[in-house]
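If you scroll down you'll find the structure; I have some questions about it.
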């Protein structure tokens, strides 16, 4: 209810602030007897780790420990507590923002909600919180792999440059998780320019899930697409979500957009694998619009907590774009949604 | 868990099928001492009523009754049960679809989930279910009006035609709820052509909420935008949701997209009234992409329940577009989200 | 959150006041393809119907209708809406209590919570609400019967008289649902005396569930016994709940109370079928303490809404004891708990 | 859903096993700006610490750390993560029970639910888990203290000996938290005898809450007493719960049990401070029946995981009674229930 938990049966509760001693996730409802060790989780965490030249100067290690829920290498059905200690924390970088509201940030909204805020690095609203999501998502990934389900996200557009080809092999070969090697180079160059100007960029991430059985999702309010939309939109920088044709469907005719049923499935997949809120058995396809990082080094107009005009120059070690670090986060959220629905009683599973 | 309920403090449970005896909503958590009668709800229901020349040939009356939760004209804090009897039901229209899967519909996914389906008019997956949402939303509207909050949705694009001007006065003056009278005429003409070809159209609806205090929304997973995304995407025909600049933000620079804080609020509203998942006090702006109605009269390829190829010609009385009927539905979902957050303990209210 | 729903996967939402036009229940999550018609539900409703000579002078018919969720005689997986119209309503009986608080009733607490109350017959706090629970429980009963699970409740003590023998055959042969025919006669005689004195009585109901597989219940907070305790205590007149030996266990030694595991189960069942919050496969045994009905015809001291002392003589048609009508209600609550856990993913079911 | 979380708005999720590296609690929904440090929590933890001569030979330190949710000494509204490292863990003590099921324990039920179990010291079903509850309860206590609400539990009966007088001052002066000094001495002597015979004892704990405003609790299913019953029954050794007169009410007349309303409150408190599931403003009184500890050193009959008969002698360091360590645990559960209802929107609070 207070918003730090996601999922009904397979669920996660995250906790922790950017500059506290640690952050973590408690994963509940994970089925028993699944082989799980810290390395399974570390692999996903490493994919969102900053320190990659293009996007983030912050050098975190983000080492995860499993504190409960695993015995003799297997999950036991009890809560899996994951902890990541914050190591590279320099609160002094953030002293100015204790007085001034950073444009595009949650500084003032948290203060308006709670009457106070942890101003160190954004506190709870920092993107660091997503490390906990990625850790939890890695547990879901392990469970889903055993069900034949895999989720892969990639960069479709960044800093105004769009991919023009899709080569799945490329995704993990470039630091931007881009399926178009040529576009990836242009994106990198553009990011460099933008960073030099003290600015930041946004982009679009596509997420695909293969192997989902038909029948996932609940009618009416907990449709699979509704849950996915909530999951993806709950990631800080996301301002839009679409499924299948998405916004493009608004300008199509019914005869163009309908996918003809066939004996094996459907003759096309404009629906993105979801009809009536329930998975069709086709690939699930979603996209998320990612806004430019609000922390930019160019001076910006703002006010202080008394409402007096001020100019702020956000220092600190900030990414120039939420992409590519957000890519594994969006994968994680999708994994969490699917794991949850896989534990629903219908459709029945053998 | 089974997906027929939405909301935490202020919540709604809907029930009913397209061709059953009735459908309804149970609204829980509505504050006491709010003046409410059936006419308050009927007004919103009438806005989604088909029978308007352009879009739907089905003549429903959709008369709502209040069965509980109101005493001497005031809400009592107990559940408000609303019922709408289905009157104009002709099951014979739907006999063919008991054998064949309609393209773009939930016929097969429901069957895959549950092993059987109520094939009369789509059963639970019919857009008729949204009448119950509108009824519930009207209760939320009554509560929110007392808090100074109002929600208004309108048609931004339909059948490929976009509004080029915004005149709030126009919205209720044309049957398409379009803020651009000229565009509305073009849309109507285009819909007529499309209907004559046995096809259907999609569009984009924008929803705006005025008067929301800062501080609504819970951090992390229950962000205001995440809840809005789930709410809007849970409406059958919606395939995309965006907040503020939405997908356009993906190609913007941070310096363009950031809204500068001012003493009174913000110098711009690219964020659509939400920062860090929490309302800023600015107008909340969301858009939903609506796919073309899947029921078209042109013959389409499909299969029967044994997987044998077939051609289906969907008869029955179908709209040519989900717009405009979906407009009050999207308003209702937004009202339900806001009513729910207004009952959360933070920010404190006097 | 507002307390009118119970259950997670298999859940029920009830609505309605004692003197409103109707009351009802929406049952969500019932598995599909279960044969269900109104007669299945009516059978249970008739068991709680007043009009039986000993306990209640109110002549209700309590006829239930199914408004959704059933198609061609089978459940479809969608919400099952049940409605019971209030027919024998005479609000005039209750005019005095609009001013005075009835001792032992929720009149003042509702007013303190909500600022107003529906004073007609107790409004939402009336025992009439339990008709909706019984209707929902009957749906659970139908589902559980197919799983080989049956629940039976009976009167263990009433008006200070305790059963001294247990004959299951007797339970439905006397109007008090008592497994001891001789005790039943004494109870009836005692009730008659108490009624003549304008007073009321309490008692103890035992509930037994046969056929439950081992493994139901979630560790820690959603233990099977914790859920049962909540379910039974949520019935208005219940002031105590115990499992197995219950309060008697407090004075036993570990060597007396421990049930020795055997190959087939356990050598005894002091635990009442639950260990560590999870069903053992043995019979589940619970007891509920039922307080005397607060509505008595003897004059009682009270105050009015301004706090001025007054004497109230509660007229109206009141039972002299909540037993036996509460017996099927406690069965219903137990059925709802078990149905819910049977849909949990663990233990796996074939 | 998987049972490791309790509460809706003010909620706690616990994690951890008896012999894992640590256990902990994540407290969500705690209001902001409450002064909180580890010492506040340590105080309550120390009250449940074993190592006291009479009941437990296990020497734990149970030192709590706050990992999130507190900034500059004040809660921030974000999740408060609490961790307690397990220090005095000797898994070798438990090797025998990896093969044999301990009578009265959850060994077999966990295995039947999940297919495997962490057999080290009971794993998740160990009473060690309650340390996390006490830590979370201490946070609730801090919040409630600011609202003028206090909760105190004490031993009413132990090993067959009942208190015959109530002196609140005595409770914290004897190691059994007993309000009757003389009874406490007899209890201690009796426990010594029982321990020497290799057996264990049960008892009854009473919990009282002072200062609760009228209006707490939700009608119908989330009645204050229903939530309390679930909360108390969720503690491992509890087999019965009663409110006010509880089981004694079953043999009372309505005229005896009804509490007459007065201008200030009620002339008596048979109801235990709750009417219609809602607090009356009087003291809230609940009692829990605590079964004897199942781990006894006397040899007991059991079976191994193949169902072969065996004799088990449970060694390890076990308490002879769950009392007194369970006393602060039951306080904690009551605190959590009250804190949660204090954040519900009705009754309104200034």
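As written, the chains take the letters A, B, C and D, and residue 1 is the first residue of each chain.
Just so it is clear, contacts are C-beta pairs under 8 Å (C-beta built on N, C-alpha and C of every residue); 3 or more make two chains touch, one makes a residue touch a chain.
Computed from a predicted model, the values in this text were never measured in an experiment.
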| item | value |
| --- | --- |
| Reference chain A; chain at largest CA-centroid distance | C |
| Between the pairs A-B and B-C, the one where more C-beta pairs touch | A-B |
| Distance from the mean Cα position of chain B to that of chain A, given in whole angstrom | 27 |
| Centre-to-centre distance between chain D and chain B (centres being mean Cα positions), rounded to whole Å | 46 |
| Distance between the centres, which are taken as Cα means, of chain C and chain B, whole angstrom | 38 |
| For chain C, residues contacting two or more additional chains | 1-5, 8-9, 14, 29, 32, 77-78, 110, 113-115, 124, 219, 344, 346 |
| Of chain C, residues touching chain A in the complex | 1, 8-9, 29, 31-32, 77-78, 219, 343-346 |
| Parts of chain B lying in touch with chain A, wherever the complex brings them together | 1-6, 8, 14, 101, 103-106, 108-110, 112-115, 124-125, 129, 157, 159-160, 194, 199-204, 214-215, 217-223, 225-234, 236, 239-263, 267, 271-272, 275-281, 289-296, 298, 300-303, 307-309, 344, 346-347 |
| Contact footprint of chain A on chain D as seen in their complex | 1-5, 8-11, 13-17, 20-24, 26, 28-29, 32-33, 65, 67-69, 71, 74, 76-81, 83, 110, 113-118, 120, 123-124 |
